[in-house]
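Have a look at these structures, which come just after this line.
The same chain A turns up in both complexes below, where it pairs with chain B and then with chain C.
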Partner chain A sequence: MNTLKYQSQAVAKPYFVFALILFVGQILFGLIMGLQYVVGDFLAGAIPFNVARMVHTNLLIVWLLFGFMGAAYYLVPEEAETELYSPKLAIILFWVFAVAGVLTILGYLLVPYSTLADITLNHLWPTMGREFLEQPTITKLGIVVVCLGFLFNLGMTILKGRKTSVNMVLMTGLIGLALMFLFSFYNPSNLALDKYFWWFVVHLWVEGVWELIMGAILAFILIKVTGVDREVIEKWLYVIIAMALISGILGTGHHFFWLATPAYWQWIGSVFSALEPLPFFAMVLFAFNMVNRRRREHPNKAATLWALGTAVMAFLGAGVWGFLHTLSPVNFYTHGSQITAAHGHMAFYGAYAMIVMTIISYAMPKIRGIGECNCNRAQVWEMWGFWLMTVAMVFITLCLTGAGVLQVWLQRLPETGEALSFMVTQDKLSIFYWLREVAGVVFLLGLIAYLTSFFIKEKATA
Partner chain B sequence: MSEKFTKGMARNIYYGGSLFFILIFLGLTFHTTKEMPKRDHRHNITESVERGKELWEENNCVGCHSLIGEGAYFAPELGNVYVRRGGEAGFKTFLNGWMNAQPLNIPGRRQMPNFHLTDDEINDLAEFLKWTSEMDVNGWPPNDEG
Partner chain C sequence: MNNNNLLINDKKLPGDLAMWFFILAELTVFAMFFIGFAITEYLNQQLFIEGKAQLHTASGVINTIALITSSLFVALSVNALHQNKVKQIVWYLIFALLFAFIYLFVKSWEYQSLFLQGIDIETNTFFTLYFLITAFHFLHVVLGMVILIFMLLKAVKNAYKENHSGFESGACYWHMVDMLWIILFPLIYVI
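So, the complex of A and B:
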């Protein structure tokens, strides 16, 4: 059965499938690291912590990029009401990105990082060895090429088709993503400048242009599942992304508190980043309002659940947990503690992992020719996956928050001489780390339930 | 939202607001980069400090440690390790001994790999960490434990 409006939307499928495969890898490496937090020498020879962490975070970034690309290939033709400009280019770029990604991860795992730096001629243009930007320079160039081809393909599609607000916002977000990534090639020997512009990639991605991508995908899904008038939904979308950029651009200042930067950033960063929860709160109102005012009962209940879930969890993770430590007098004590880790986990899961699973939930049944939605049994499995993963992530966040509060209390608040050292403090946090690891295992079970849902068929009725 | 507030108005706020704050951000960035030389004492970046930063990067130190609070939270903060571990008098000796003693192989303890650095390289790394610790970063961290 063919259930796609435009056949070229099917190119999203390999992107979604590969994204979920990488997601599994991310979680497995997360569990290894979680265990290394309490059993320090676990696999220390084979997979040192720094390698596991690099794989964990890079897989996250790459699977989200695959997810965003799949989302765009699915959504843009439908919004533009025309076939994708070049499905062939989309498939070629998929393989280029997938092969480059796999080779990079294998490089991390199979040779020492310094050897990888040698092999890939890092000394010619050193960009490696900075948090989240560990990829060899050649991989970074590959990412740029893939992004350019991807944007060209989408741009040509939109040019020949209908120009909706959802498409324009999504494009702005994706162009911003590619543009800000260029700062990853700037790595001066002055650490202060290096860090200042490193945030142009990291912050202006996740607290800037990625929010446009998230908003656009959420708006698209809400138009589809609620049947509410496009004008209303697009108005909300503009309000949300206006708040996101108005707060988020100067909100970058919350990373410039403790850098060789003027102290005015402590005021600017605190005030504007304190406003950063607003767009996420608006997303919650938006999602629930639209679903309440729905004009149709869409049979894909799971997709609606993901859409509501991502809004709530993004608000909690990015909004509330971000606010917890964003004011400079608080951040002075919490900067670089387990509080940061707690925030990072829930924010990435809530805002970005969940929005990708939202569009996958909506699009995959159509791409696979199943219809508007998966069968009821499959949806039940999917919703089990949703709840197990989400509740597990709440517990992971609470455990890390507990660890962070205690860490600040023991290591940061007392004076020099009174304060416990880092390693002694870590020993005292072990109960939190053990509980976090248990929650991590539950997360994996949720992920298994979620993936199982793709293989569940309706029982044959006798 | 009310009917009087149209999509067009929302769009204008988005474009206008974003552009306005992008310009302010660029202006502040310009000013900040002009001010930074006073605080980052870049005139003290020697070739040794530069090599030290490259060693820091090519061994992915940030995969376990944090540096001025950014990085991983698995191993101690190193932005002020120079101060914590001996300073002018003892840091270089400490670092050389520490790097060569890895891995400690204490059962159950978090393990640092041995990166097989030469004495010169360890010296460069020490120079980089010393330079880092001497930046004016508005008083962070709160105490020597980092």
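So, the complex of A and C:
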């Protein structure tokens, strides 16, 4: 049965499938690393902690990029009311990106990082060795080529079709994503400068342009599942992105507190980033308001649940947990502690992993020819996945927050000699790390339930 | 009965709701700066007394008058809009913009004279906050003026005949800019 409005939307399928495969990899490496926190030599020879961490974070970024691309290939033609400019290009770019991604991850795992740097001729244009941007230069160039082709394809589609606010905001976010990534090619030898521009990629992605992408996808889903007037939804979207950009761009200052930058950054960073919860709070109001004012009962309950869930969890993870340590007098003690890790986990899951699963939940039944939604049993499995993963993530965050508070108390706060060293402090935190690992296993169970939902079929009636 | 209707109409928020959200977000930023300033002043009283003594209060007074007058003309232009008097709208907006230019000129002169004395954003905490808050406000005046110019161009074409919402939204924004200065001036220059 064909349930797609535009046939070319089907190119989103491999992107979504591959994103979820990488997601599984990310969680497995997270579990390995979580265990290494408390059992230091677990798999230490085969997968050292630094490698596991690099694979865990790189897989996250790459699967989210696959998810965003899939979302865009699905969403843009439907909004523009026309077929995708070139489905063939989308498929070619999928394979280019997938092969480059797999080779890079294998490179991390199979050879020492320095050897990988030598093989990929990093010395010609050194960009490796920085957190999250560990990819060899050649992979980075590949990402740029894929992004350019992707933006060209979407841009041409929008040009020949209907121009909607959702598409415009999404495109602005995606172009911003590509532009900000270019700073990863600039690698000054001065460490302060290096970090300064490194944040242009990391911060202006997750607290800038990615919020536009999230807002656009959320708006699209809410239009579809609630049937509320597009004008109303678009107005909310504009308010949200205005607030996201005002707070997010100058909020970059909260990373400049301790980078040998002038003292006024303490004020700029504190004040503007303290406002960063606002757009996320607006997204919560937006999502619940639209669902309450719905004009139709969409049969895909799971997609609606994901949409509401992503708004709430993004607000908690990015908004509240970000605010906890964003004021410079607080951050003086907390930066780089487990509080940062707590914030990172819930924010990435709440804002970006969940928004990708929202669009997957909505789009996949249509792409797979099932219809408006999966069967009831499959939706139940999916919602079990939702709740298990989300509750587990809340516990992971709480455990890491507990660890972070204790870490700050033992290691950072004491002014005199009684402050504990880093490793002694880590030993004292082990109960939190064990609990986090348990929550991590529950997360994996949730992920298995979620993935199982894709294979559940309606029971045959006798 | 008529009075009741008037009351109900009065309760309607002028302009677009989205603009009010925007204004609320802006006010929150300034509120945090003002609270931050007040707390820092409480902790560094001598430094702040000395800092304030170096400011040019008279130029602050001129700017207060300029912005309030500018706001008055914007309010008059909204009145004229409700009576559909296009010529008046245009003239009132031109006067509003002229007074806003006075603010820009005086404020720039003030910055210039501080720079000539060797005072800048890194001189001390007082001047860090002085420059951050007033420069941030300055940028809002510039943005507000862009909005007023946009309104002026549309008013010339009589584009607000049917729908007043856009015009009222712009006017609300300008009143916010003016109101912020009314808090900013005594807090930073006087008290």
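A few comments on the model shown:
Please note the rule applied: the second predicted complex is superposed on the first by the 461 of 462 C-alpha atoms of A that agree within 3 Å, B and C clash if a C-alpha of one lies under 4 Å from a C-alpha of the other, contacts with A are read in each partner's own complex, and residues count from 1 in each chain.
Everything below uses one rule, namely that a contact is a pair of C-beta atoms (placed from the backbone, for glycine too) under 8 Å apart; a residue touches a chain by one contact, two chains touch by 3 or more.
Note that the structure is predicted; figures quoted are calculated from it, not measured.
Looking at the shared chain after the overlay, A:131 reaches chain B, while chain C stays out of its contact range. Of the two partner chains placed by superposition, chain B and chain C are both touched by A:262.
Applying the stated contact rule after C-alpha superposition, one finds that A:282 touches chain C and leaves chain B untouched. By the touch criterion defined above, A:242 reaches both chain B and chain C. Contact with chain C, but none with chain B, is seen for A:271 once the two complexes are overlaid on the shared chain. The wider contact with chain A, measured as residues touched, comes from B rather than the other of chain B and chain C. Applying the stated contact rule after C-alpha superposition, one finds that A:419 touches chain B and leaves chain C untouched.
After overlaying the two complexes on the shared chain, residue contacts for A:371 are found with neither chain B nor chain C. For the contact definition in use here, the residues of chain A common to its chain B contact set and its chain C contact set are 235, 238-239, 242, 246, 262-264, 268.
Across the complex, chain A meets chain C through its residues 235, 238-239, 242-243, 246-247, 262-264, 267-268, 270-272, 274-275, 278, 282.
Chain contact summary for the complex, chain C toward chain A: residues 16-18, 21-22, 25, 28-29, 32-33, 36, 121-122, 125, 128-129, 131-132. Per the touch definition, chain A reaches chain B in the complex via residues 33, 36-37, 39-41, 44, 48-51, 53-54, 113-114, 117, 122-123, 126, 128-131, 134, 165, 187, 189-193, 195-196, 231-232, 234-236, 238-239, 241-242, 245-246, 249-250, 252-253, 256-266, 268, 332-333, 335-338, 340-341, 411-416, 419-423, 426.
Those residues of chain B that touch chain A in the shared complex are 1, 5-7, 10-11, 13-14, 17-18, 21-22, 24-25, 28-29, 31-33, 35-36, 39-40, 42, 45, 49-50, 53-54, 56-64, 66-77, 103, 105-111, 113, 115, 131-132, 135-146.
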